[in-house]
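We call the chains A, B, C and D, going by the order they appear; numbering starts again at 1 in every chain.
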Amino acid sequence: MCGIFGVSGHAEAARLTYLGLYALQHRGEESAGIVSFDGKRSHAQQGMGLVADIFTEQSMRSLRGEAAIGHVRYSTTGSSIERNVQPFLANHRRGTISVAHNGNFTNTVSLREELEEAGSIFQTTMDSEIVVHCLAQSKVKDYRQRMIAALARLEGAYSLVLLLDDILVGARDPHGFRPLCLGRKDGAYVLASETCALDLIKADYVRDIEPGEVVFIQKKKLESVKPFPAVKPAYCIFEFIYFARPDSNIFGQNVYQTRKRLGQTLAAECKADCDVVMPIPDSGTSAALGFAQAAGIPLEYGMIRNHYVGRTFIQPSQGARDFKVKVKLNPIRDVLRGKRVAIIEDSIVRGTTTRVRVNTVRQAGAGKVCMCVSCPPLRSPCFYGIDFPSKKELIAARRSVEDIRAYLELDGLCYLSLPGMLQSMPLPAEHFCTACFTGDYPTPLPKKITKDILEKRG
Amino acid sequence: MCGIFGVSGHAEAARLTYLGLYALQHRGEESAGIVSFDGKRSHAQQGMGLVADIFTEQSMRSLRGEAAIGHVRYSTTGSSIERNVQPFLANHRRGTISVAHNGNFTNTVSLREELEEAGSIFQTTMDSEIVVHCLAQSKVKDYRQRMIAALARLEGAYSLVLLLDDILVGARDPHGFRPLCLGRKDGAYVLASETCALDLIKADYVRDIEPGEVVFIQKKKLESVKPFPAVKPAYCIFEFIYFARPDSNIFGQNVYQTRKRLGQTLAAECKADCDVVMPIPDSGTSAALGFAQAAGIPLEYGMIRNHYVGRTFIQPSQGARDFKVKVKLNPIRDVLRGKRVAIIEDSIVRGTTTRVRVNTVRQAGAGKVCMCVSCPPLRSPCFYGIDFPSKKELIAARRSVEDIRAYLELDGLCYLSLPGMLQSMPLPAEHFCTACFTGDYPTPLPKKITKDILEKRG
Amino acid sequence: MCGIFGVSGHAEAARLTYLGLYALQHRGEESAGIVSFDGKRSHAQQGMGLVADIFTEQSMRSLRGEAAIGHVRYSTTGSSIERNVQPFLANHRRGTISVAHNGNFTNTVSLREELEEAGSIFQTTMDSEIVVHCLAQSKVKDYRQRMIAALARLEGAYSLVLLLDDILVGARDPHGFRPLCLGRKDGAYVLASETCALDLIKADYVRDIEPGEVVFIQKKKLESVKPFPAVKPAYCIFEFIYFARPDSNIFGQNVYQTRKRLGQTLAAECKADCDVVMPIPDSGTSAALGFAQAAGIPLEYGMIRNHYVGRTFIQPSQGARDFKVKVKLNPIRDVLRGKRVAIIEDSIVRGTTTRVRVNTVRQAGAGKVCMCVSCPPLRSPCFYGIDFPSKKELIAARRSVEDIRAYLELDGLCYLSLPGMLQSMPLPAEHFCTACFTGDYPTPLPKKITKDILEKRG
Amino acid sequence: MCGIFGVSGHAEAARLTYLGLYALQHRGEESAGIVSFDGKRSHAQQGMGLVADIFTEQSMRSLRGEAAIGHVRYSTTGSSIERNVQPFLANHRRGTISVAHNGNFTNTVSLREELEEAGSIFQTTMDSEIVVHCLAQSKVKDYRQRMIAALARLEGAYSLVLLLDDILVGARDPHGFRPLCLGRKDGAYVLASETCALDLIKADYVRDIEPGEVVFIQKKKLESVKPFPAVKPAYCIFEFIYFARPDSNIFGQNVYQTRKRLGQTLAAECKADCDVVMPIPDSGTSAALGFAQAAGIPLEYGMIRNHYVGRTFIQPSQGARDFKVKVKLNPIRDVLRGKRVAIIEDSIVRGTTTRVRVNTVRQAGAGKVCMCVSCPPLRSPCFYGIDFPSKKELIAARRSVEDIRAYLELDGLCYLSLPGMLQSMPLPAEHFCTACFTGDYPTPLPKKITKDILEKRG
């Protein structure tokens, strides 16, 4: 998964982008980058790690200009290399091009073959570089038409921000898988994956970029086109379930309130016979509040999150198994001892982490441990940008709910139903892609969805 | 403020200490250090910053031996220098001595003068070095007697762990200002500021070190003495209010439940006329839960904490004021709009941060904003280790509650009463030091409580 | 200026390359890089600074495989950026290509325009990337023919080493401006700018790559072609005068002995009336020895070079002018006091450094100070890879010898004559490019030899 | 070995010290440090490595004040730890004390025992810390008397510079083993190990500090005392042979000319039957020039020194033996082939490096290889500050000259005689310590000259 941000026409373009990425950090912790354009030249700064660690006052000063885009990237197996840090920047006879991408093209393999056949040399394995080569090989003179022609070659899921010199471009694929919103700050337009990025820079939310829409922004003026035939929308429902920040609005709707509603519906479906309701912090926190209030069962913070848990951690040499999970959350014995506990979690992917947590709650003295999950079982991989593991590793793809309960050593396990999930959403059911739950993919998929493609996800 | 940890008789002494410090990180983010003893030599590793950033696999491997102590240090104005990183380590003709200290001596100035007059050279401005010189200048042969003689020269607040070669010493001042607990892991004894450090290493909690107690631990054997005349206890009540981790037990009692009880008492005292109760996360979270449940008013997470907020942050060049506060917490407009909100906070020190937060809630559309604080007004400085600002900067030292309300631009402000606070505590009132609220200091204070002393706080 | 190295068919390919670059460090101190190929993938390590600082044991271990090429790059104004570090590496549908280049193409501007018109995207401003795009756009199937077709598009000066997967290619332009020699180590072929690189790895010198020759080396087999029409050779004479290491052979001949001979001829031409002969260390050392022996005047080391002088140096805030020059060389007063001194220098470029040195010798007490230069006045810029400054900055382009003498505050100044220089060479006069002395360029030059081109020199 | 520098009364005190250390870098490459005093506080910056790498513009700015001292330290086995970096700085009730030391105390063990018995705690194993404790334990009020009382407790070799707040103190032991000279810059006094440090900062040489002299410098005024009974001088002759820079004057005399004279005497003693004379660069360069001129045999630079050779070097994994020696010097085959060569070297310590070099010359094709050494055989360890290896490792301690010749695989080997060395010196023979050649130590030595002491050498 990734987060993207762009701004044009603001004297503090790079700094706003830095802040935007800071707010979008949860969408990608592996690497980050910013490219700015100062009227003549592009400037780039990027690195592996967290936004706060990569950029310095000195590097920010070098990012001159009134237009900038930025990107944060999630860790995906096999391609955690510095070369693949976005935005991808290239100098071309028509000027500089930089691209930041969130999503996943489904025709990467064939597109790349075509482009290399025509003489293109690829520096990276990123989708964003493909966009640049599509632009470079096009003979169309008008940059808008060239942009549209390049986008027309892309299939799959994308929200994109680009800089063509000082022109900021924003684009969302016709299905609208990934979010992208438009804001305004001191008269300048801003693009961001989520509204939390607008909040941090005190920009006003204007509207979402629509599925299939392309916007060209230059010197505080915005031009919008919708050049592609309309198709059924397919908003990623998992953004609401897990991925987006609770204080964000995505697809025009608040995430926290949606999660709380999922908890309420969950309480109606799962009649938990328990003394206390406790969330897995912080992923289950919003749903647990909704659950507790709807069920009339007291909420307790039975586990406390260690706020200093980062990525590096020196493990003890003995008994290190499960350590990473334990260092993050510590149960409170005095709260849990002898209680019948209903744990609220947002989702279960592999099940390994959940198993450790359940065990931790039990070790802390809980008398009975149940779990209520605020979405249905995850059964199918995502080809549109969420880095779920392969089908083999998704626990619900292979096992029944009863098997999962046994594996997790729970006294009870309850998933939210598909209708329950959809009815808790703030938008009609037909707006969403629910492929990870149902296996119904909203686009055709090429046969070659190879390991290679999986590695290129942005 | 500081956190301390020690272990003796365990093959993984340094790694356990690393984990202990990791768990105690909230007690001091400025610097950290570990000293180990391998039977012949001492090894030290330390640095500025967070535990996770300072220690590496390589540096851990160098910390050989079955005994180790560690320290995390809080940032205090003026003395954030590398030289002052603890534990303080010295080689002496009788062996190596290392000391980690939590608290504050009140006779630092006169002690230092005496020691220098006798020829001591000080490398640092830390209290822990004073302990070492007291030990070095003593002519007493038995190490226990020497230790007790050295402690007898100290006045004020201290919880100490020391290594005299492989002998682990733990000591708590006769008033018992700061917590210090004893645990056991694989037969080896462990000392730690809070039980959360025992939890992380899966050590069993044995008991608290008592006020005035000194323990000598060698090869899994513990010897305890109480060489000083008994005095009235003076446990720091602010550890319960704010400082300790909610999942810890200190002074034998759970912190989270105490805070929840403070919230319940607060609800009884402050009849808030509001639609929703929201905490300042995470400091007010436990109290808010207690408050909401006692008052029967819905709890809402009206502000979301950004989990990536660390210490470095590049601020925007314009309008940067209050930025640091805002980047940490983001309000949810859809939750707050038009609502009458009761914010629950654990305490107000200077008021500057609180003011920004109140403003943020109002800007997010709240119709009416009140605040309920789960302790009485903070009116006096602490000379026992809490780094409160000077009296001049404590907002409640200079202003009435009504003035504070006006300054914070609140529609209502309610502090918990002193009796309310004491009755919410899990121990009788006479066990506590409440000087920061009342100005009644439990020990005599020398006239020279100078800026110098304040800088030396550990 | 740059140094290049390549090896194929050796288990220690990257380590040999590291050592080769270490030996060639004098050809470029700004940046260095190594690319290896392990049968499946390419590995690259590069950075700004000196070879010894860039590569670590860890980075060397990552450079797996039996084929490797490397590059050291000289500092040129305006383009000291990390992006421009060589070798340039690209992945293409036909495999990986990496290129290290020494020299300067004279048709860069037009070539780049053609390539971009056809859709190429340039990542850098380096000549070596141009070679890769020429290869990528070619439709020819046989890699040898494709290589030759790509080289045929290049004009100007180049010595190149490339890796096409595990095939090592070496090429020298038809005029043979830059040196490139072939060696053998444990049966594997090695290519290097100078023989000092062969010496360090204990490789045997086989022969020089000839002007216009292209060699393809795979699995210890070498195939040589000379596909281009023969032209008059134009070996860079300045490599003998200044650039190459004295212990190297270039163009098949020893550098130290050539410089000593230049000193002998200089002694015959310049009848210096002096007590002692002293070199500017180390550039004038070889010539000074020849001069002293031919003239029968005692040699003295009147100035001592500080071996620790590197690139970074903190200057005094007052009187800092000329400091960098002075920290490098210190005169010995007791040697120079009252003496008539003949300073031997290899060449004078801008004259600013020389002026400080002359002044230093005079301040040390010399009675009379003359200078004898072991080449003629430098009057014209180089378009073939030597980073001379523009004509405006070459002191001899604007001033007479007498004017230069006066500017340098010398009592006497004598340059070696053009015939004297040529007769001291170990090869016939017609083998050399002497354009920097005469302005006679051996190739046609495009009108657009712009600042841009100058920045791209490798 | 070490280099020391101090200055008082100059606005650029720290920068001058930086430059002084830069010039004295050859006296110690392991670590360096500077302490300054700004009228109120001391500031320290230090680190492992070379002066140019340790100090930055930022760190220099922090070294405020008009008084500063500095130190460079040589690598000695076993104690290359950061803690031991000088100057040693301490805060005491009488102010701050910092000490930089060159030499070696011979009564370290007993002094340390006495000091610890009285309560001192040692932070390091450095001689300079001992000086500080002697000062701190003294009850004498007058700082001059206190200084003299402290020095009176020291035995062995020392040149010291100290800062007592802003008072710069310089002291040389009564025998005067190590050099220390006095200079003047802009009216301010400067102390330095060698005059090359004065040259770089353009200070005027005033005179040497005399054996047994102590100088107190404050605000451009100098007070000199000679409080100790006069003893026979014992200047280290090895400073002239090898250690000092050729462009320095030490003990009032020029080093380069002394070395040239050693070469001349050597030529008279060793009738080398050879075609060419070549130095081992740069240690034998001065002597070789004297030798060649006196013998009337042509000088040739048969080996070229690689100027980029630093401390770190990644060795080839196979055949790495002797690699470090070879990377530094490369022979010129065309010069040596078939020649009878006389190599001039300044001294032979272990013989291992020399053996590789002789082999290298022979491999390069020399017909006959002799070596002439410009000092007698080194037979005894030094207890006064030169880091010779133990007697066991000194090749001449165990072997006859003929055995050494055979071990080095030379056709001939000739050492300068003791009388020949002494007659080449610029001062009478009785001024020198020649213990390393003769075993006659000018001071009594305690029985406990243990490995411990050896590790503490500064």
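In this section, a contact is a pair of C-beta atoms (placed from the backbone, for glycine too) under 8 Å apart; a residue touches a chain by one contact, two chains touch by 3 or more.
Treat the numbers as computed from the prediction; the structure is a model and nothing was measured.
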Higher-contact pair (C-beta pairs counted), A-C versus C-D: C-D
Chain whose mean Cα position lies farthest from subunit B: C
Whole-Å separation of chain centres (CA-atom averages), subunit B against subunit C: 62
Distance between the centres, which are taken as Cα means, of subunit D and subunit C, whole angstrom: 37
Interchain centroid distance [CA atoms averaged], subunit A/subunit C, Å: 51
Residues within subunit A bordering two or more other chains: none
Full enumeration of touching chain pairs: A-B, A-C, B-D, C-D
Subunit D contact footprint on subunit C (complex, rising order): 12, 15-16, 18-19, 22-23, 25-26, 50-53, 55-57, 60, 196, 199-202, 245-247, 249, 254, 256-257, 282, 285-286, 289, 293, 298-301, 303-304, 306-308, 310, 312-314, 316-319, 326-327, 330-335
Of all residues in subunit A, those that touch subunit C in their complex: 90-93, 97, 113, 116-123, 132-133, 136-137
